[in-house]
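In the two complexes below, subunit A is the common chain; its partner is subunit B in one and subunit C in the other.
So, the complex of A and B:
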């Protein structure tokens, strides 16, 4: 069962929660990309990407976060990230994503942040 | 899941094996006893069977076996067991005498060698025949009537025939035919045949009239498949897009396995053709493995992970984690595969269905372990899952259509190739369906290696319980299966996770498109040279400093870059950059980044301005998903001041030798090409380092720190800093080489999965 990756969709207080699990790399990134795109096109612009079960992210995986963020923010939505393991957080941090995205410890904190600041100030 | 399947199999076998295994009720002598008895029989016909090569083969009279399962009380049918062994004594070419015994050791067959000259001639032809009759009929002699004379196979000859009068309720005919000439017996045979009212085709000795039909379908599938295989093979040979090296390795392994089997002598008979020749069939089998692997592994482009652990097993990473998982799944499921026929016979859904004791050679084999290696069986499975299925998948894009066509083919295929259940046609077809489902489960959730392991180990399991139920020694089987299981479990927990990161792209040596790659290799090596040529020929000479640098792409072309700049104000720029992704797209952006850096730095000596300009241009042209990380330092050689920025890149290592201090320099900064001007600018921080005599600054890409060994550990920043600390007395070149050898030592032979770039700056040291 090489390279397992899955996305579990749910909603939390009107936010669309995408819980990632496994390896997000060049082979699994398109699946994530399609999911984000589908959410956006369905009008669900406030997304939480929950990463507590995400064990690996490659540069291609990081690319997905970048590819939609401007469009989503222009439409008044946002992608906020929560539950990163230390290993994965380091990858986000080195690249400077902590300045670009709201990265929060858990889902409740993310819900609160969406209420305080629907779009991250950059 | 697989363990549950295995337990279910064990349960079914415990319940029903002895009840439904036809050979359970047959008495069996040992191999040595059989050969000794055969020697005696040959002696009595006047053939001295010493100093001759002995081979023993077994056959099962399936019709009789099936009849016995349904009429266990018919003593008449028990005169001779359905399981018989042929022992042939070959002293020279064509001088082969054959003796047949039933499994209890009762003589049932004799055939004299060519130009036979008996050393025990009888007085007359009739007397010779009479003596042979007495030998073959044994204690039943009085119940036979005869002889009558009838035409033999060769119309010139006449045979003497004795017939036993069957009891009223018995459908079995017991007769003895003897062909004698002058004073010696050329051929003698006792046969028990079942009358045709038992709905069986007694002429062909086959169990049911539908088997020939299934056989025709089976062989049509096989020959059509072979034809397609050969056409693709030839077409692709011409286009040079085959996975030749992998196929050669696989064929070599197959040849080795067959050679061991042949040398051991156990399985040899199974590999012979009708004329007893084994060269041809073995060659064909090895060739078939080659063709199937060469075409199948390339054909399965979309299902390539299915071939991966098999390729790894024969390739550079035999100790991969996935290999262990596949092996374990295959081994665990094997009892269930063995149990399927017994489930069909025992579940009561199919009236009159029975298990056919197909391969009982293991009972008389000198090396039972090797005798259970079913090479043709493995070939069928490889053919179906490795070739036919990917081919259909390619031809039929729609899933339901694929299912509609592949399912019936698979059911017939597995029903016929296993041929272990008889009864109404629905019974073997259900068995075929169940086997297909089990194989399919392993194929879907694991891979081809698991499927092949299932086939091979199920042979072992069947051999083990067959032998065990007859009091044979099963320890070699138990030890082998346990060892296999332990090895598989060990691998699946502590094997190397080749799937980490970008498996297929990251480990090019496992690429199945080897031939396609070879075609592109020439072009790639041009590209590689061009790209390497873009890197600085030699580091700049700076009085009072030494510099060493290298960039090793993991693929032919890479996305890493380093460069040295001479700035308008006379300072020296040192940069390392890494483009996201790998291969050709990354290489193109690497070239672009290099050009941007060179041109922007011609107009400005301001570190922040240079990086912001590069970002602005990159953001304009990169696709949204691509970004570049960069560490850039501007060195004022005289003042010994190094200004640094880190645009999303790994921090630099600063070794302050005189202070004995090592630190990571990580000013804030975003990756290039991610976001436009303003936010990039506000995030980007410049850090100034005041260098001292003996200090070293190390720029690198994540290929160094994320280099992963077999134990899945990353080299990491800690080890990198330790490696730098050990080089305090060295110049830049020494430090550079020492770090790289530390990484190589850490990897322990694992191919690096990412580009590795390393630039070392050392202050002083007479540089």
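So, the complex of A and C:
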């Protein structure tokens, strides 16, 4: 079977960009969790999670965002999310994540949001 | 007669999270075949994934020798799904329904799966007999004009 989930790391204007591809479920969420943790521990606390190629997310994937966000914000960083397809966005939205996270249409808009508001006020 | 129109499907898989993708493919095919819109198919897929992930991780504690059974029946008005296991049951009423913001502060994601199931399905019922048989029944009504 082809790799069901992958994370492509890059940097953009000093931000750490994690581009997700495939599906993020209870099986693949631990890989995402390890990556976010490694970024944070390496001092890269301004993260963009780019989701245009993310085909699916379940609560296990959402749990990764939840488990790190407070700590990252306390350190002056943030996780901002962009590129969600309607299918994936409805999961974030129904749980109220759209009020708790900055969710932007694309990477350039997310870079601008980091410049305007490095940490989301909730 | 209605019973002549009901189609039944079943899938048995070893209790491992790597099989969640297979379960979703099964449910997706059923949703699509029943004429659901894409976003509703996605909701059905997610609700069943959440139910099965709970069984794999909590009822069976990731014991891959166990089996998860997914039964589906489709008629003109609805898709009904049953997720059956013989693992540890739980009291659905005891699952805290904290606000997502409070869960975030507590660094906990517990309860999100059940919230998604209840949000995306029209009916969700549990019949729990710990160690004997636990059944989660969910219904998604079809909105056919």
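Rule of thumb we're sticking to: the second predicted complex is superposed on the first by the 120 of 122 C-alpha atoms of A that agree within 3 Å, B and C clash if a C-alpha of one lies under 4 Å from a C-alpha of the other, contacts with A are read in each partner's own complex, and residues count from 1 in each chain.
We adopt the following convention: contacts are C-beta pairs under 8 Å (C-beta built on N, C-alpha and C of every residue); 3 or more make two chains touch, one makes a residue touch a chain.
The structure presented is a predicted model; accordingly, all values stated were derived computationally and were not measured.
Applying the stated contact rule after C-alpha superposition, one finds that A:109 touches neither subunit B nor subunit C.
Using the contact criterion defined above for the overlaid structures, shared-chain residue A:59 touches subunit B and also reaches subunit C.
By the document's definition of touching, of the two partners only subunit C reaches A:86; subunit B does not.
Contacts of A:119 after superposition: neither subunit B nor subunit C is touched. With the contact threshold set out at the top, residues 23, 25-27, 56, 58-60, 62-63, 66-67, 70, 94-96, 100, 122 of subunit A are in contact with subunit B in one structure and with subunit C in the other.
Within the complex, the subunit A residues that touch subunit C are 4, 23, 25-27, 56, 58-60, 62-63, 66-67, 69-71, 86-87, 90-91, 94-97, 100, 122. Subunit C meets subunit A in the complex at residues 17-18, 20-21, 24, 38-39, 42-43, 45-46, 49-50, 53, 56-57, 99-101, 103-105, 107-109, 112-113, 115-116, 119-120.
Touching subunit B in their complex are the following residues of subunit A: 1-3, 23, 25-27, 56, 58-60, 62-64, 66-68, 70, 94-96, 99-100, 122.
The touching residues of subunit B, counted against subunit A in their complex, run 305, 308, 322, 325, 445-447, 498-505, 580-582, 624-627, 629, 647-651, 668-671, 674-675, 679, 683.
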